[in-house]
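I am attaching a structure below and will ask some questions about it afterwards.
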Amino acid sequence: MSIQTNVQTSATPLGRDELAALVARDIAPGSFVNLGIGQPTLVSNYLSEEQNITLHTENGMLGMGPEAHGDEIDGDLINAGKIPVTELPGASYFHHADSFAIMRGGHLDICVLGAFQVSATGDLANWHTGAPDAIPAVGGAMDLATGAKDVFVMMTLLTRDGASKLVEQCSYPLTGVGCVTRVYTDKAVFLTGPDGVSVRETFGCTLEELQALVPVPLKAVAAVGV
Amino acid sequence: MLNFIDTVGEAVADIKDGSTVMIGGFGNAGQPFELIDALLDSGATDLTVVNNNAGQGDQGLALLIKEGRVRKMICSFPRQSDSWHFDTKFKAGEIELELVPQGNLAERIRAAGAGIGAFFTPTGYGTMLAEGKETRLLDGKWQVFETPIHADVALIKALKADRKGNLVYRKTARNFGPIMAAAAKHTIAQVSEIVPIGALDPENVVTPGIYVNSIVKVA
Amino acid sequence: MSIQTNVQTSATPLGRDELAALVARDIAPGSFVNLGIGQPTLVSNYLSEEQNITLHTENGMLGMGPEAHGDEIDGDLINAGKIPVTELPGASYFHHADSFAIMRGGHLDICVLGAFQVSATGDLANWHTGAPDAIPAVGGAMDLATGAKDVFVMMTLLTRDGASKLVEQCSYPLTGVGCVTRVYTDKAVFLTGPDGVSVRETFGCTLEELQALVPVPLKAVAAVGV
Amino acid sequence: MLNFIDTVGEAVADIKDGSTVMIGGFGNAGQPFELIDALLDSGATDLTVVNNNAGQGDQGLALLIKEGRVRKMICSFPRQSDSWHFDTKFKAGEIELELVPQGNLAERIRAAGAGIGAFFTPTGYGTMLAEGKETRLLDGKWQVFETPIHADVALIKALKADRKGNLVYRKTARNFGPIMAAAAKHTIAQVSEIVPIGALDPENVVTPGIYVNSIVKVA
């Protein structure tokens, strides 16, 4: 994967599938990866066999295969979203404490999550709207946010109302502090960290146009390599 | 002491009002439905239930909640599209909820079985689920003080038991079974098959019989 | 097992094997038991098949069988004393953290240990002489002392110099605090606990003769049952 | 990233001076003798070694200690009838010893692999091995604050590996292997057999390949 100075790599914003394909391409060969529920699950459609990626599901499995259909469906073999899945050769099963030890212990290379908001320093809000009458439900979100070596977020950059989900400080309740390393959106890929937010590439907009949408200072990624 | 019991009704007959009951399963996988139904029939009430969820649809744990038998839920994900019985009770203020991140739930259950009095975990630090909890900077990460979850009874589902009470599970239905079996004073396992001693390879036993008290075969 | 008012149940002190047989008889059917290295290992020779006792060894096994001989010897199958042992039907293997979780978690019914000293309140000293030039080595002694529901000690009542090993307070470094529930010696069986020391039975001496040997106040066990 | 390596020498070649090295095994069962010999040959020194013991006789870890490569031992049981090399170094003040009760050793290693920043354990409370340590009354028992033991490298022995790095062990030779594999940044496993992907039953994998970095077959 080459990291380049800010480049508009697409003339139009990316669709969900294009974004999923981009995330898939950015995952290093041989990685162990957890794909969160929802949009991140799409990434699995774009992983190539040559990449040799091993998928983890927090309900106790490494080597998860694609969604099960028809006769493949087995009630004892589901993913974290409770969808029937399949088992790839070389898989393994373990109990819940061992499964979350894999996450908390920092053994996963990448976790891909959806988000309501991401802050300039990588805080993540993706579990709770904070509405007073909402019934809270967290599942494995906080564990996923805390554990992986890299936490990638996939989301649209803007809410339906046009507000940026990349924010100075999250207004929704936090899932994790300073945990997000990269944010994939329809309009740009952002790198987040203690030094602020860099833009790796934009889709259908210039860096200046992007900055007008986002309330945090953006800078272009410095060129790395050739 | 290990007992092989003929019916799920007898298996749960000694569960007392006010007990803390762990129930295995994640989604439907590994849910001991027959034992939960028997617990409902037993009339036991004022229960604290530990499960990943808070019941779905009109079956199992959801019915226990609907019937007002559950005083408190300890779980990670109560809100689902079909968790209407929990939702109703919760909004009416008729059920208490302790919401725990799933990995902390698993580790707290594991700690109970392993005799660990408390531990520090990075999960949840800086979030509303850690509010009021002791924190400490360890290994360069802020971590939260968490305590074990013990139970009076665990209801779990396994694939096979041998006559020593050793258990093996099937695929992702393993989930909370092994750690709940260790965390409860009395563990009741429903299994699909009971095999003779020696039929399970000692290398492949997942839950040693020391953790199992009652076994009932469910067809 | 009936508990009786102080009774001299043997005209002479018990030998090591008689004592081991007595401990074996006192283990309830179906119990899970860990036998410490040394004298406690002898107990296994006196467990009957009807008792259906499951032996734990802290290096990762339940269902340990007798010592291996000849062709049975397998370097991958040893006990905590590193002696080759055998596997009984219904055994299971697990890693070290899971094995000590069984102990620390209070799942063993009984652990039988040797001792340098036991105090009136059940403190145990059995791992270290405290000599300044001694190289300390603790192994699993502290874990065993802490974890089992009942900790039985087997020892001679007196040192070679005639000093009582049952003491007001241990002078050797402690292994565990208030952990011992019963002390089996050649001269008597003692029950220890917060209320002090009771004598269940004596061997070759009266309670009065026993009291003359031991620097802690003794009382007879109250009659239980008939 | 998983690598299959032809010789034990290549497998340990990147172990740096000053590393913390976990070595599996309890007694001779599960000791990766060939990897230890290769570590000795590699010349790596100033090591901190984590093992249950501190070497026996004139082989393996005992020789590493004899040759002065080990700065510090973290173990539960250094003193044995044939631990003469450790004894000599220790009495000469040439090796540091951190003595840890065996169960705390195992749990501290497990905590490192599981991302637990610290825990409270009843084991050792009130003894000289807990002197100076924080204590707390939890679940009605006084408990001692203990921290994880991380390592740069783990050297372990397993029975079989598949081409995904999944491992199975044999009998009591399993002991510290699975928890050390998880606690080290880089895990090197010597195995008796390498089998194709799919040859190990996913239900029976003990160490998932995610914990294994280098595998070398030793005849």
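For clarity, chains are labelled A, B, C and D in written order, and residue numbers in each chain start from 1.
Just so it is clear, contacts are C-beta pairs under 8 Å (C-beta built on N, C-alpha and C of every residue); 3 or more make two chains touch, one makes a residue touch a chain.
If you're wondering where the values come from, they're calculated on a predicted model, not measured in any experiment.
Engineer: Can you list every chain that touches chain A and also touches chain B?
Structural biologist: Chains in contact with chain A as well as chain B: D.
Engineer: Does B-C or C-D have more contacting C-beta pairs?
Structural biologist: C-D
Engineer: Which chain's mean C-alpha position is the greatest distance from chain A's?
Structural biologist: Farthest by centroid: C.
Engineer: How big is the gap, in whole Å, between where the Cα atoms of chain B centre and where those of chain C centre?
Structural biologist: Distance between chain centres: 35 Å.
Engineer: For chain C and chain D, what's the span in angstrom between their mean Cα positions?
Structural biologist: 30
Engineer: Find the geometric centre of each of chain B and chain D from their Cα atoms only, then give the gap between the two centres in Å, rounded to an integer.
Structural biologist: Averaging C-alpha atoms per chain gives centres 33 Å apart.
Engineer: Compute the distance, rounded to whole Å, between the mean C-alpha positions of chain A and chain C.
Structural biologist: 55
Engineer: At least two other chains touched by the same residue of chain A: list those residues.
Structural biologist: 61, 87, 93-94, 97, 100-101, 103-104, 146-147, in rising order.
Engineer: Please list all residues of chain B that touch 2 or more other chains.
Structural biologist: Residues 107, 114-116, 121-122, 169-171, 202-203 of chain B each touch two or more of the other chains.
Engineer: By the touch definition up top, name every chain pair that qualifies.
Structural biologist: The complete list of chain pairs in contact reads A-B, A-D, B-C, B-D, C-D.
Engineer: For the complex, which residues does chain B have touching chain A?
Structural biologist: Touching chain A: residues 26-30, 76-80, 83, 86-87, 90-91, 97, 99-107, 109-110, 121-129, 142, 169-179, 206 of chain B.
Engineer: Which of the residues in chain A come into contact with chain B in the complex?
Structural biologist: 57-61, 74-79, 82, 87, 93-97, 99-101, 103-104, 123, 128, 133-143, 146-147, 173-177
Engineer: Which chain C residues qualify as touching chain B in the complex?
Structural biologist: The contact residues of chain C facing chain B are 30, 32, 54, 56, 61-63, 87, 89-94, 97, 100-108, 147.
Engineer: Quick check on the complex: what are the chain B residues that touch chain C?
Structural biologist: For chain B paired with chain C, touching residues are 1-2, 112-116, 162-164, 166, 182, 197-198, 200, 202-203, 205, 208-211.
Engineer: Would you pull the chain B residues touching chain D in the complex into a rising list?
Structural biologist: So the residues of chain B in touch with chain D come to 107, 111, 114-122, 136, 138-139, 141, 143, 147-148, 150, 168-171, 201-204.
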